[in-house]
Every structure is written in structure tokens, then in C-alpha cells.
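Multiple structures follow.
Common to both upcoming complexes is chain A, partnered first by chain B, then by chain C.
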Partner chain A sequence: MHLAGGRLREFARGCDVLGGGGGGQARYALPLAAHAVELTGPVPVVQASELPSDGLVMPCSFLGAPAIGAERIGTCREAATIRGHVERHFGRPVVAMLCNEIGGFHGTASVALAAHAGLPMLDADGMGRAFPGMSRVSMHLAGVSPEPVVLADEHDRVVAVHADGDGWLERMARSVVVGFGDRGVSSEYVMTVEQAAGAVIDGSIAKALRIGELIGEAKSVADAARAIAAEFDGVVIAEGKVAAALPEPGRPTPATIEGTGPDHGRTLRLEVGHEYLAVVEDGQVLATVPDIITVFDTYTGEALGAGELRYGHRVVAVALPCPDVWRTPAGLDLVGPAAFGLDLPYRPVVAP
Partner chain B sequence: MSAGTLDRSCRLGITVQRDRYAAALVESDGTVLASIERPTVIPSITEVLPSAVDELMAQAGPRGIELENIQQVMLAVSEVDGLAGLPGSDRSWKRWPGQLGPVAVVRLGAATTSLPPLAGWPAELRATVSIAETSVAGGARLDGGDFEPLDTAALVAFARSIAGKVNAVAVSSVFATVAPGHELAAAGLLRAELGDSVPILLSHEIGGAGLLERENATVLQATLIRRAWGAAHRLRRSLVDCGLSHAEPFMARNDGSIMTVDYALTRPLLMHGAAAAVGARGAALLAGESEALVAFTDVAGQPTAVCSVTGGSAQLAAGSTIIAGVQTGLRTVALVATDPPIGGTGSGLTQLAEAVDRAKGSPRDLPLLVIGPGAEKLVDTLPGPLPGTTLVCCPPRADAASAVGVAAAPVGGEAVRMFGAASPHGDDIRTRVHEQARAAAVHAGADPVTVAVTDVEESTVPHVSEPTVLLRVRAEGPPRVGWRRTYERS
Partner chain C sequence: MHLAGGRLREFARGCDVLGGGGGGQARYALPLAAHAVELTGPVPVVQASELPSDGLVMPCSFLGAPAIGAERIGTCREAATIRGHVERHFGRPVVAMLCNEIGGFHGTASVALAAHAGLPMLDADGMGRAFPGMSRVSMHLAGVSPEPVVLADEHDRVVAVHADGDGWLERMARSVVVGFGDRGVSSEYVMTVEQAAGAVIDGSIAKALRIGELIGEAKSVADAARAIAAEFDGVVIAEGKVAAALPEPGRPTPATIEGTGPDHGRTLRLEVGHEYLAVVEDGQVLATVPDIITVFDTYTGEALGAGELRYGHRVVAVALPCPDVWRTPAGLDLVGPAAFGLDLPYRPVVAP
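And then the complex of A and B:
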């Protein structure tokens, strides 16, 4: 499997769906990925079984403020700089890059980083969706050490942070990013291929690609939603229109979706934070984080970001099950409804 | 001419949209003296101007209006890519003749290679317009310090390599909107090498957040500059031919305000989407409703799109605008087309009602103002009230609403600045940005005496560690008067 050309567009569509309203828009990173692939050739997507078990897997992603990243677009060579540092530190080669967050912008951006670092991408990621913060990754639950955090800016300035415990690591890493001017690239949770088995979420790249393919094949947006739900054990929640939405960045705010067409007469409450957090109907929870709630605009076909939701949007809402790791007690502690300030029970999405 | 007739100064508005045009004569107190709406074989302002003037004067003449009373001529077009003859654009436009480009592109900011200048452009357009691109060290950081020290040697070497080969140069720079110093210094160096006859366009004057979108807009402007000059020359000549050499010409812009032709020369992209913006303004004026929805119609009486109006102006879309396949930071009217959803069906009234609801932005019912050549026909065919609206009306002279809107439009100017929320100079900066907005409006042709700040938006830039303020100030004023004719046909 390779990522290049038209497949990149499909991949980006899939990343936006898996973002569940969060993670920024994958389509904004598409030009970066397309240019990188033009320079270096298609990026291979590999399975762990194809890699030497003692080789290193390097997660890598952009970090900082989007407003800064829009001006300081960087070189993507930061990933190559970090790779060199990681290889010197561990004394062995990096054999694949890992996308930290498949959902949204970082999904597509990781293709550009992998291309510039000269690495294939492992068919996996650290979230299976999008979450705010850098510790909400499956590697954290699996006990992989995040240390060292290696950070680089576009002028090849590199800082490696070594510290015990997440609190200090994140605190130090944050101050490095401030020093960079709120924009950089970082890597943490570097692990061996052997360690990665069971610590990462398998098949994420293929899943995003397949979702993009299904969208491309569908005649209408509702058809695409049904096809995705059918193939990935999810449910189509409803077709409707957004009857009230007042997004407040960073704070859960409710939006209302009034059913239309076959769902006429239904009223859904959608809890919106950095991503879509829950759907409730008549006091019944239909879906909550960490399951993936995606809202499609039926006029554009785009998966709407949580900050883009406005009165009058015609939508189809879909819920897809999250990776199993988030449904464990430890997983729900980290990313369950309570972790996002919701007083709702977790009710796993089950295919009908 | 008696003092009495001088008092009756009025403005001529003309809008051209593909195969039709509208024209109106509006008195300075807002009274509409005459209006027409007609088909045209060739969409071009110079093409329709003579007959528009004849017809309007025939209507207004009996009301005591002479050509001498027309102090300004305001013009609007629906899209600029067709006029400009950009590759892939609609061929029905009578495009500005002459060369597209060639331009050279300079980016100040070497460590931005993840997407070099023009990397995402359609290949045909890129090959047509640009002969060389370079990224050299330079640019600023958010705090105003250097992103990289400006590489003057590389700039001079590049300038020498393009000397004599380009019609314009587009210069953009990292965080030019925060600190434009490197762009200004680069312009000086380039001018010294290339001479004064090669225009050098700077991205901070074009504006917009995001290096790539600002750079793209700057390059497109540079590409069009020669053609725009030619078009402006022909426009002035045709005004002279129509007996309007004393009237200053203005062009409508994306946000529904206007700018002088001199100002538009280096910013032709700003004309994009203006016809819709002034149409919404005209509808609101004619109906006396400042909060409303506006439906545009075609000559068959079919609705084509709906937009919403607040405070008498069309609401602009949040996102960027793609022109000739290139993403630009230009903001245009948030038009909701009456097309059915992807793969869906639906037409006529159902689709209009849905477009109305999608354009509203809130559940509140609003009046729907129907304008354009088929406005009366559409309103006549409505069987009853339309869901989501308080009333549906076809304001007087609805067919020529866009021409009335452009004739009555103010001149606008904007200034944007990012600065640290903790800055001890915060109030000084605010005062200066207010002054810059007024200066921008005056530069675009507003009357310097009455220009005033009309809108101030202050927000926090999210996710930045040092609390940072984004301040956007808008000023508006009526178009200047007393413009002296500098242009006579010999």
C-alpha cells in the first residue's frame, strides 16, 4: 500500500471522518502531503510484520498554535532532524514513522513528515481518532515511556527533554515550544517494532483510506454515511438540520439537530467541545466519547469540524466505535465522557 | 451651471454579470432617479456604458438631471477571473487584452520549504504567469523580531537574474502583517535593480492571515496588473466618450464597499464577487430593511442563490476564496446556492426554502428580499408565505438593485494588527490601528473629512502561549468629491 496522488485525497477525507469533529481539518494539510510526495515519491504504508522487530518506530507530529503554523509553514525537514537525533540517542535505526493522531489535520500532515524523513508509515496510529493533548495515546496506556521528547523547529534547533513522569516531561516540552515561538515538530513514545505490537492502534491508515474510498463511491452523502457505518460496525444516528449551535472553543456546548426526511420529528442534543462529545435523544445517550461522532454536511460532503457547526447546516450524523483500548476501564478514565466534563454514562456504540 | 443643479449631484452605478447588466442613477440623498436592467452579448463595462448612460439620461433628463450632475461612476463585476482571462475561466467574458504576467515571485522566509511559492498552483496557470520563484532568508516572528536576517545579497542576485524579463514582482514574507520591514526593504532593493517601471507588490498591503493565501493573492494581483492598467485606461477613455470626463470612477469590491480605480489598479482581485455584495446592499436599501435575506434570480424567474444581510451589508463567508484554482485570503459573500445537495434532488420552492434556512445563521425569521432580472416573476409564482421568512418582497427597482447598491456604497478601509495582550503600548497600538483604518479608507477614495471607524473586532489568538490580541478595525466614508479631471481625449 502506498500514499500518493488521488489516494491522498481519499486518505484526507477518511482522516476528517475519524476526527469526529476534532483535530483540525485534514484537507488543509493536503497540499503539504501532495508536495512532499511529489518530491520523494509515494510513501509506503507497512505492517509491523514487514519490519525488523528491534527497529524503531518514531511517532511524529506538528505542535503549537495553528495561527503561527499558518505563517511559519516549516520545512517538514524537522522530521528528518528529529529522526537523526533519535537514531543517535537509541543507537539503532528508525524503520517507520507512526502517525500520532489519525483524525483531522495530523493524519494528512504525518504523510508529509514521513516523506521528508524518508520513512514508510506504519499502518497504525496512537488514537484511532482525534483527542486534545499529547498524552491521550494508546502508547501511554500500554506503558511505553514517552521519554525522550525530541523537539525541533524549522531552523534545525533541536531539544531533547529527559525527565521522569509525564508532568515534568510535558511541562519542559511546553516551555521548549514557547521558546520556538509556539510552533515546532515533536516526537515522543519512540519504541521498537516489537514494543509497538499491542501498544498502537492497528490498521488506522488503511481504515482512513477505505472510508475515503467509500465516500468517493457513494452517490449521496447519506449513502456514504450508511456505507461507512455498515463497514465499520457503526450506526447512522440521524439525518437532520442544525437548529441551534453556538460553539465556544474549548468548552462543551450543546447543539440541537432536528430530524429531517426519514428522521422527521426527532430532536437530538449534540454536545460539542474540541470534538463531538455525545449525542443524546429524549434523555437517552446514543453515543459518547471515546466513540467517534462524525457530522457530515450533506451539501458539501465534508465532515464538519466542531468549530464549524452553524445553524442551518443540513447534516447526517454517524457514530463509529472507537478502538477497543479506549473501552477498557483505564481507557475510559483517560478519555471517557467524564474526562471531557460530561455527566453521562459511556454507552458503547453497537452496530444494529 | 447654476448652484441649484450642482446641489443635485448624483452617482451612476453599473453592474455586469455574465450576460446581463444593470444601471442606476442615484441622487446623493439616496433617491433613485432612473434604473435599467438589460441583456448584453459581451459582458464588459466599456461595452455597456454608452447605452446605459443614454437610457438613464432619457429617464432622468425630464427630472432636471444633466451629465454634469454625475460626480462619480461606480462599477461592479461578478467575477474577476473571466475578465482577467485567467486560464480555465469563463470564456463568455470580454477579457482584458494584453499579457498575463510574466511575474517573478519572492518569498522572504527560507525555512518554509514545506510548500514553496506556487507549489499548489494549477500547472497551466503557473507556467503562464511566472518565470521565476525564490525563497530567501527573511521574515518576522510573532513578537516582531526577525524570523531570519534578510538575505540582501540573494535578493540582489535574484533581481539581476529577472531584470528586463518581468512585468511585476510579488513579494511576500513570514508574518508580514506583524512586521512589514523586510518586505519594504526588499522592495527598495528590487526597485534599485529593476527600475521604477516594474511594479513591486507587497503582501502586507494585500493583507490576510496565512502566508500561502496572502502570497497567492499577491502573485495573482501582480499577474493582472498590466491588464488592469489597460482596462482602467479604456474605462476612462469610454467615460470621456460618454461625456463623463468629470466623474471619478470607482470599482466595487468583495465586501460591498467601493474603491477608486487608481486604488484598484494594484488590487484587481478585490473586485471578485463584488456584484453579489452590492446587490445585497441595494436590496436592503431599496426595501428599507437592514437585517434581511436576499434571494438572487435569473431572467427566467428562478432563484439562484440566497445570502444574509446584517447592518445593511452582505455577510461574508468565513473561509477563503478560490480564484482560478488558487486559494486566496479574499473573503467573499456567503452565498448559498439553490442547488440540491450532493446526489440529491429538489428544485424550485422547496430548494429556495432550504437555501433560505441555510443562509440565515440563526432561527430568527427575516424578510426575504428578491432581486435580479426575474425578481417579480419569482414573487408572482409564490403560492403563499415561505417558511422561515416574515415576508417575501420584491423591492422597487429590484431588477437593478445591484446598480443601486453600488451607486450608494461607501468607501471602506481596514487595518489588522496582532500584538501582545500584555503590551504596555496596547492603547497606543489601538489608536494607531484606528488611524490606519481611516487612512486605508482615505487611500481607497473616502472623503477624508467624514471618514469614521465603523467596526472594531478584538479577539484572542487561540493556543498561543503569550496572550495575543488580534485587532481588526474598519473605517468607512462617502466617496470623495471634487476630483479633478486629469484625463482628456486628445
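And then the complex of A and C:
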């Protein structure tokens, strides 16, 4: 399996769907990825079984203010600089890149980072969706050490942060990125291929690609939503119109979706944070984090980012089950509704 | 030679004199140093010839906002944390600490850092006085690489910065220290004992100690000033009274000293920046950076910090020659009058 050309566009669409409204929009990363692949050739996607078990898997992603990143796109060679530092630090070669966060921008951008670092991508990621925060990854639950956090900017400046406790690692990493001018690339939770087994979320790249394929094949956006839900054990929640939305990035704010067509007469409350956090109807929880709530714009077919939701949007809302690791007690502690400030029970999405 | 007890107090006085008004005041570091020595025993001061030539010399100093440092004094174990990281990075042992900046606070604090790191101090420093800026050290002129800058806080958090160009190293280091909460310890320009020969300013510790001794032995502050000038090829510029002073940290601002006693009738302009930058009388330059201009308070005997100068202070001003390395063309480029925004020629202090 390789990522390039049309497959890359399908992949980006799948990343937006899996982002559940979070992680930034893939369309901002697609030119980066396409350009990188043009320079270096298609990026191979590999399974762990194809890699030497003592080689290193290097998670890698952009860090910093999205608004800065829109103009200052970096070179993605940051990943090559980080690879060099990581190999010197651990004293062994990096054999694959891991996409930290398959959702949205970060999933798509990781192709560019892998291409410039000269690495294949492991068919996996650290979230199976998008989350804010450095430690909301499956590697954290598996006990992989996040240290050191290695950061680089596009001028080969490298900073390595060593600290006990994820809170300080993230605080220092963000402080470093501010010093870079609010944009950089970071790597943490570096592990061996052997450690990665059971510590990463398998098959995320293939899943995003398959979702992109389903969207490409569908006759309408509603059809695409139904096909994705059917193939990935999810549910189509409703078709409707955004009747109220005033997104405030970083804090849960409710939006309202009024049902249309077959769903006429229904009223849904959508809790919106960095991602779509919950859907509630008549006091009944239909879906919450960590399950993936995706809101398609029925005109453009794009999965709408949580910050993009506006009054009047015609939408189809879908909920997909999250990776199993997030449904464990430890997983729900880290990424359940309460972790995002919601006083709602977790109700796992179950396919009809 | 060892630093402890009364010798430590003499050393601190000498550090303030060599600071030329800059580097912060030694009195804020003396409790740190005294406490460290109480815990670990006297700190040996060694010559390079006593050390293995392939061992590492580790410069080390506090970084951050002085106002924060006054309350959040750190533990000085930061230096031990940094030592561990430096030894792992370079793959060889650190055999001595180098005081980066003998002047004022930093000279005195380096005793505490050495004590906690379990290291002797090399009888040398990187400035022979005080300067603002990470790269204004003799190691820079000697071509020693500043990389990596290794920073730590009092909770064993360590950050290593790798970048080409001192400007970015310092920018990133300061960004990291802000992340630490505006206070940390940093090390850069790590070198072997062999590299240190000719790259450091020899004898700085002994010189500060000797100056402290001379102050202790003198019958008056004016006597002390004369004794120091005589022994170190300097000049007593004048006794006087501060007639105007409005220090603005970071930018040269003039103060006025009106002569008193034997100097009655003279009027001196003192340019004040982070340090005392120049003394001018009737359009004649009497002394400028990089030579060391020290202003003693004749009541307390203390060398006044550039930010402490106030109207009414009775003072004796002394100028001491700087280390030879600063009088070279490259040295003057880095730390001559123009480097501090002064449009004045450098006129070396010459003993009468």
C-alpha cells in the first residue's frame, strides 16, 4: 500500500471523517502531502510484521498555532532533523513513522513528514481519531515513556525536553514552539516496533483510506454517510440543518441541529469543543466522546470541523465507534465525557 | 584553594567589583553559596593543569528574570541534573565547572552550582567581568561550539537546545526558561580541559578572592579602591557624589557624578546600561567597556549595581583593565562601546 495521488486525496477525506470535527482540516495539509510525495515519491504504508522488531517507531506531528501554520507551513524536513536526533539519542535506527493523530490535518500532514524523513508509515496511529493534548494517545495508556519530546523547526533547530510527567513535557514543548515562532514539529512516545504492538491503534491508515474510497463511490453525501456507518459499525444519527451554532474554541458550546427530510421534527443538541463531543436528543445521549461524531456538509460532502459549524449548514451527522482502548476504564478516564467537561454518561455507539 | 566561610564572603565582594555594576549583586547569591557549602563542604578551586585533558569543563549559570530569582531561588541541584545530561550527551565525564561570568551574582552563585554538582571550580571564567548575552564569552571568540544549550529547573526537568547561531540558541534558551516559570540554570560552550586552554579567562576566581581580601584589609573604601587599582593596573577615576541618575535597565542612560574632596569641581558623565559602560569628563573618554568600571558606595563599601545608582550616593569610581581577549578587534566587535550602543572610541585604561 502506498500513499500518493488520488489515494492521498481519499486518505485526506477519511482523515477528516475520523477527526470527528477535530484536529484541524485535512485540506490545509493536503498540499503539503502532495508536494512531499511529488518530491520523494509515494509513501509506503507498512504493517508492524514487516519491520525489524528492535527498530524504532517515531510518532511525529505538527505543534503550534493553527493560524500561524496556515501561513508558515514549514518544510516538513523538520521530521528528518528530528529523526537524526532520535536515532542519536536512542542509538538505533528509526524504521517507521507513526501518525500521532489520524484525524484531520494531522493525519494528512503525517504523510508529508514521513516523506521528508524518508520513512514508511506504520498502518496505525495513536488516537484512531483526534484529541487535544499530547498524552491522549494509546501509547500513554500502554505505559510507553513520552520522553524525550524532540522538537524542530524548519531551520534545523532541535530542542529535546526531558521531564517527569506529561503535563510538564507538554508545557515545555509548547513553550519551545512559541520560541520557534509558534510553529514546529514534535515527536514523543518513541518506541520499538516490539513495544508498538498493542500500544498503537492498528489499521488507522487503511481505515481512513477506505472511508475516502466509500465517499468517492457514493452517489450522495447521505449515501456516503450510510455506507461509512454500515462498514464501520456506526450509526447515521440524523439529517438536518444547523439552527444555532456559536463555536468557542476550547470550551464545550452547544449547537442545535433541526431534523430535515426523514428526520423532520427532531431537535438535536450537539456539544462542540475541539471536536464534536456529544449528541443529545430529548435528554437522551445518542453519542459522546470518545466515539467519533462526524458532521458532513451535504452540499460539499466535506466533514465539517468543529470550528466551522455555522447557522444554516445542511448536514448529516454520523457516529462511529472509537477504538476499544478508549472504552476501557483507563481510556474513559483520559478521554471520556468528563475529561472534556461534560456531565454526561458515556453511551457506546452500537450499530443497529 | 577552597571556597567556604570567610573566603566565600571575600569572593562575593570581589565578584561585585569585577561585575562593573552588572551581573546582579553578589549579596543575593551569597546565601545560596554559603548554604551549598554547608551541605557539601568547601568547593575546591583547581587549575587546568590539575585536570585530565580530555575531561569536560562545564560552564553553568542561572538564567531568567532576576526579580523571580529573588523569590524562587532554585535548589542549585539543577547543576547536577545538567551535569548528568552533559555527560550522557558527550559520553565523557565532567571534571570541573566553569563560572560563566565572574561578575556579581553569577560569580558567587556558581560556587553553589559547583557544590551541588559535586565539581571543583576551574580558576577561570568566561568574561573576566559581567556582560549581558549568552555569546559574550571568551569561549565564543575561541571558536568553542555553544551547542547544545542544556537547561534545567529545580524539578529535574532538562531541555537541550541545538541550533546553528548563537542568536537562536539564546532565544530558544530564554523561551525554555519562560516555560520553567522564568527561572532556570543553563550550560553551554561545554569543552574539554584541553580546549579550555586559551578559551577561558584564567585566574578569575583567584582575582576576585584577592580583591575581596584587599577590601577586607583596607582602612577605608577609598583606600580599598586605591589598593585594587594599584594591584590590578587600574586607575581611581574620582571620588564624588551622584548628582543625577535615572537608570533604565537595558538601555544606556547617563548619570552624573560631581567630584568631592580632592576631586571637587570635576563633573563626570557615567553611561549606565546593564553595566557601567563609560566615564566621560569634559568630552574626554576616561574609560569604556570592555574595561571594568566599578562604583563603590563609600558608606557601605559595596560595589553598586548599575540599577542601584541613586541621587546622593557618595562614591569612588575605579576603572580596571579588562582581560586582553576583549581588547582584540574581534573582542571589541563583540563587547566594545559600539556593541552597547555608545558612539565613543575605546580608550584602554592604563595604570598611571
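Going forward, the second predicted complex is superposed on the first by the 352 of 352 C-alpha atoms of A that agree within 3 Å, B and C clash if a C-alpha of one lies under 4 Å from a C-alpha of the other, contacts with A are read in each partner's own complex, and residues count from 1 in each chain.
Assume a residue touches a chain if its C-beta (ideal position, glycine included) is under 8 Å from a C-beta of that chain, and two chains touch if they have at least 3 such contacts.
No experiment lies behind these values; they were computed from the predicted model shown.
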item	value
Which of chain B and chain C A:Pro352 touches, first, second, both or neither	neither
Chain B versus chain C as contact partner of A:Val178, first or second or both or neither	both
Broader residue contact with chain A after superposition on the shared chain, chain B or chain C	B
Contacts of A:His85 with chain B and chain C, given as first, second, both or neither	second
First (chain B), second (chain C), both or neither touched by A:Gly6	neither
Which of chain B and chain C A:Gly283 touches, first, second, both or neither	neither
Contacts of A:Arg157 with chain B and chain C, given as first, second, both or neither	second
Which of chain B and chain C A:His313 touches, first, second, both or neither	first
Shared chain A contacts, counted only where both chain B and chain C touch the same residue	155, 174, 178
Chain B to chain A touching residues, read off their complex	109, 111-116, 119-120, 141-143, 147-148, 174-175, 209-212, 318, 341-344, 354, 357-363, 461-466
Contact set on chain C toward chain A in their complex	85, 155-164, 168, 171-172, 174-176, 178-180
Residue numbers on chain A that touch chain B, as the complex places them	31-32, 34-36, 64-68, 70-77, 112, 116, 154-155, 174, 177-178, 181-182, 218-221, 223, 241, 243-244, 249, 298-301, 308, 310-314
